[in-house]
Amino acid sequence: MGLLGVAGVLALTACGSKVNAAADGGPSSSSSSAAASSGAAKESCVDTSGDSVKIGFLNSLSGTMAISEKTVQESLTMAADEINAAGGVLGKQLEVIKEDGASEPATFAEKADKLIQSDCVAAVFGGWTSSSRKAMLPVFEGNDALLYYPVQYEGLESSKNIFYTGATTNQQILPALDYLKEQGVTSLFLVGSDYVFPQTANKEIKAWAAENGMEIKGEEYVPLASGADFSTIITKVKDSGAGAVFNTLNGDANVSFFKEYKNVGLSADTMPVVSVSIAEEEVAGVGVENLVGQLTAWNYYQTLDTPANQKFVADFKAKYGEDRVTSDPMEAAYTSLYLWKNTVEKANSFAVADIQANADGVSFEAPEGLVTINGDNHHIAKTALIGKVAEDGLIYTEWESPAPIEPDPYLSTYPWAEGLS
Amino acid sequence: MDVVVSQIFTGLSIGSILLLAAIGLALTFGQMGVINMAHGEFIMAGGYTAFVVQGLFENAGVGLLLSIPVAFLVGGLLGVILEMTLLRRMYHRPLDTLLVTYGVSLILQQLAKTIFGTQGKSVETPTWLQGPIELFGFDFPKTRVFVLVLAVVTVVGLSMLLKATSLGRRIRATVQNRQLAECSGISTRSTDRLTFFVGSGLAGIAGVALTQLAPVNASVGQAYIINAFLVVVVGGIGQIKGAVIAAFVLGIGQAALEKIYDASLARILIFVAIVLFLQLRPQGIFNVRTRSLA
Amino acid sequence: MKFLTSSRFSAFVPFLLAAVVLFVLAPGILSDFRLNLLARYLCFAIVAVGIGLAWGSGGMLTLGQGVFFGLGAYAMGLHMKLDDAGPGRAPDYMPPTTDWLPGWIEMFRSGPITIAAIVLLPAAVALVLGLATFKRKVRGAYFAILSQALAAAFALLIIVLGSQSGNYTNGTNGLSNFRSFFGYDLNDPVNQRMLFYLAAGFLLVMVFIARQLRNSRYGELLRACQSSEERVRFLGYDPANVKVVAYVIAAAMAGIGGALFVPIVGIITPMDVGVAPSIAMLIGVAIGGRGTLWGPVIGAVGVAWAQSTLSEQFPAFWTYVQGALFIVVIAFLPGGLASLGSVIRNARGWWDDKRGRPAEPPVAVTDDLKTDVGSRV
Amino acid sequence: MATDYLEITDLTVSFDGFIAVDTVNLTVLKSDLRFLIGPNGAGKTTIIDAISGLVPSTGSIEFAGNHLQGKKVHKIARLGVGRTFQTSTVFEDLTVLQNLDIAAGAHRTPLTLLRRRSAVPEEVTAALETIGLTGQIDTLAGVLSHGQKQWLEIGMLLVQNAQLLLLDEPVAGMSHDERNATGELLQRISTERTVVIVEHDMDFMRSFAKSVTVLAAGKVLSEGSVAEVQADPRVQAVYLGTAAAAPTGAEI
């Protein structure tokens, strides 16, 4: 019986197409080559004939990442409502389909597949963790569909099917390093969660440090699972006597880290911590009293004094509550929907190929300031900001880059970064 | 030398957290054979209790201290409710209690998210617990000394309860020989319920202690439950001193391994060490129960 | 004609039905997307068959099947990444400068070694852990807790291997972005369909193996061990050996389920192999009926389907449903849905009794669910 | 001289300092039907626990030329030592046939184990006949009556082909007729084997014992035929002295 089944399977396997090894033997630094070479991408089923067009929001509404990703979906929803109120995109109303990624990469892949194949959406907005993006990438390339990804990440990626509206490393981490150097810091201690973003970021930081005469006093990772104990690590940090700490910890670990940091007697005055994953949303959870005076690196703060931001913050509070805060990923998500709208209108088409062809130079007066799509690598030019956490739990800009920084996900314009990517 | 002292302190500190998380389990698992996976969520409930109680007081320190007995009550009540509604009918199926209480733990976590939001809550550290304290010429964080003292007080209190009170005698009698205890007129039903109250209440206290070191959020229980069970497994059933020794040995081992390797590898090595240890002593460090048949 | 009424034939009716559903009905009515989802559920069903054997028949509450699932999945995943990279090259997630891979990675370049590893790797780990615990009479709750700690340690190990000294497993990002499966283009819908048939075929084979084992003398011995290990020991058997066989087979099945999961879903990450997914693998088995042959399969597919569908409509709601399922099924319906009939019958009898004469307890606990209270050590 | 008899010398068992069995010497020959009696806590069950490998002991235990001490329980069982327990421990969710078949199978090869049972083994048929359960071959052991379960256990010892049978209160809870039937069964069995029975039922002992060993406080108090033991003043003293605590023993 069982053998019969296997025999049946073997008989059926005869008709599938094989990968032509000769034509496509080697790996490519760009992952996008996969879809291009296979040529077997499925036909799009997007229907734009009616007076509405479907788009998908894919965020974790359950699981550990729901904390952060819910806020992203809220600002996306606000953007969609605004666009619909203003007449839609190319005269068509947006019909939003929301899905839960459940904080699991495999679920992100499944739901992305569903949105593209079953719901036939024109574009998908969402994702947060690198693993969720890596999980979705082959789905979008295989189906030749579009993903707008709103979170700062470790770089070293560029897919023609993804638009990255958060910062890449040269728009967040490198400016932070430059800022520290400018402040006279000569040595660093690196603390991060044990996963890809901190590992990659720290590799880049070490390469930068070697070039810039910054001494790296230590490098420590804690398991991503919560419940990590920081006693040992903080002792190492304290004993190192480093000028500053570069913090790439993720989520809950920050709470334990900063509590311990304060309790051994370290402070922002003696040894400042620069964090790249703590935004306004996370400050309350960590405890303002533990964070006051510490630094963060982002491209947007709620306190930015631009007309677009004042409207964005006011609208968001009106919609979701006065006590709510806005943060960088929320703003990048909001911006991503407008960038898609502007590109569609420039291309006068919802088709993926047309959007890809017309994306270069599309800009938007975002809450963070003017942003512009780079058509080559699908990232956007952004202004880097270093901020300081204040008593009121908000973050205020201490320093900003003189102009929007062109995205360079592979750090190809930095000679010291050679061999990293 | 400095390194050794500071790492031993770190080990004791990690051990005291493990001990607080595990001591209640040692009691309920030891007496009733119930594997309560929701114990972690009782810890979580203790943490949220500290958050709520502290919010009621101007003075963070008063709030924190008051929240200790309140959290004991909250944890204890949750435990009694669980015991009376579900576990009571399942004492003859100890393995199944594991899965049932896992279901309870999922629901309590989601409930916490619904009530308190997904973002973690911060419990303030009172001024008298902030910063380091100098002991034997070394600086130690006051919060960790506080947790260590709380763990010691809790364990001493518990063993006094078991030794000196009639409830304690009933509990010990039931642990050692349930049938005999019943014959000598002890209501094992009410003893079970009281044991569960005390054991779960201790989880509440653990939750308060953790607020000084870690975030209060829905998943805090998950972070400690597995290690707490390992402490009980290594310590052996039915005796508190087994859990105490196991917790501090594991804590110091973890601290040493973290110093030598890194935190992730330390956890893996600890697991391997536990499996090897059970090869030598499958019944744990201590076990009062004689091996009964079938 | 006589064959048609024989018991041998009637035993094959469920297989025939399952084959018709999986090979004719499902591909006929489901879209490519839904068929792919079903294929994913079948992977979990394969794991469930093994859990049914270890837990249902052998009484071993294994909370760490994710480990074996993960070993099979990562073996397959590494092979596919190495295959995509081409001869002598490193997978695309490693730095392009990587010019040397350790032997334990390099060996997955070979198809035959990978296929062997998918079965042997989980089996070997289960053998070592099983012997280490069962021989020392560590069982019941102790075994459950250890197997759970193993799942936690394994997920961590995958992450460690993906970061510190070399990026072998790609850490939390996991292995994804595969192009081909033993040479077949994964973007071709025909090949996706082939993977479905493969999963369906393997599932039927696994159920068949489980059926043979359950009906054999070994199956009776395994149930005897669940009933009373000590008694089995006094009959001259070593229960550790009896149990470890079921544990190893369950591990191998989990490995196969994991290996099929990777080309079907297109990704494997540490999140799919840790503590939570390991326990989640149990609930379907419990619902379907842990002591039955087909219950775990139907339960696993049903739960996975319910999770996909419910979480589409009410995201946070699923956690409540999952929690409630654990409570209701385990506490009140320990035999699973398969025992629903007899529980209702008993309940009705109880109701009649209640009106007439003193009654027996209402909850029917079947004997094979009885666990050994004295066997905590 | 045949070596298939039980020889125990200087057997001592202690739990955490408490000496349960104290330098006991015991020789039971083939075809004997030996009863171990004594007040509660005399160490009767502990002795058969020690023989079957359940508790560690010092001294020497030899059966059929094999030293049993230090061997694992299942290895001792394979040397022809079978036992029952105070509470019957048949596999309740298996049928009578399955119970007996498992008992008969300790020496089966893995290949045989992995196959389905094609026919009822001869020794199982014989045992079914002996214990009178032929009609209940497909009944779940869990639904058998108390007496039937105990017979099934004895049947399992038979198919196990145990040469040394250690029975712990085999007739507890049985009716008068059942006791007699069991006693006769045990007498038949004992002609070819060595049988040791721990028993509190003195009527039963008087009716069927071939020899008796009386234990008290871990030591052998008296040994011999039923009549010899009954006449022993030390035995009477022990039983009278503990009459309140062990009423069954007072009958002697």
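The letters A, B, C and D name the chains in turn, as written, and every chain counts its residues from 1.
Here is the rule we go by: a contact is a pair of C-beta atoms (placed from the backbone, for glycine too) under 8 Å apart; a residue touches a chain by one contact, two chains touch by 3 or more.
This is a predicted model, so every value here is computed, not measured.
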| item | value |
| --- | --- |
| Maximum inter-chain contact count - chain pair | A-C |
| Of all other chains, the one whose Cα centre sits farthest from chain B | D |
| Central chain (distance from its CA mean to the mean of all protein CA atoms) | C |
| Separation of chain A from chain D, taking each centre as the mean of its C-alpha atoms, in whole Å | 73 |
| Geometric centre distance via CA averages, chain D-chain B, whole Å | 46 |
| Centroid distance [mean C-alpha coordinates] between chain B and chain A, Å | 38 |
| Residues of chain D whose C-beta touches two or more other chains | 89 |
| Chain A: positions in contact with at least two other chains | 66, 194, 221, 223, 225 |
| Where chain C touches two or more other chains at once, by residue number | 152, 156, 159-160, 164, 228, 230-231, 316, 319, 370 |
| Of all residues in chain B, those that touch chain C in their complex | 29, 33, 35, 86, 89-90, 92-96, 98-100, 102-107, 109-110, 113-114, 222, 226, 229-230, 233, 237, 262, 264-265, 267-268, 271-272, 274-275, 278-279, 282-283, 287, 289, 291-294 |
| Residue ranges of chain C in contact with chain D within the complex | 212-213, 215-218, 220-221, 223-224, 227-228, 230-239, 366-368, 370 |
| Chain A-touching residues of chain B, taken from the complex the two chains share | 6-7, 10, 13-14, 17, 113, 118-125, 129-132, 139, 141-144, 212-215, 217, 219-220, 222-224, 227, 254-255, 258-259, 262-264, 267 |
| Contacting residues of chain A [partner chain C, same complex] | 1-6, 8-9, 12-13, 15-19, 21, 25-29, 31, 34-35, 38, 40-42, 61-62, 66, 99-100, 102-107, 109-110, 113-114, 117-118, 129-131, 134-135, 137-139, 141-142, 194-196, 199, 221, 223-225, 419-421 |
| Chain C contact footprint on chain D (complex, rising order) | 52, 72-74, 77-78, 82-83, 89-94, 98-99, 101-103, 105-108, 112-117, 140, 142, 156, 160 |
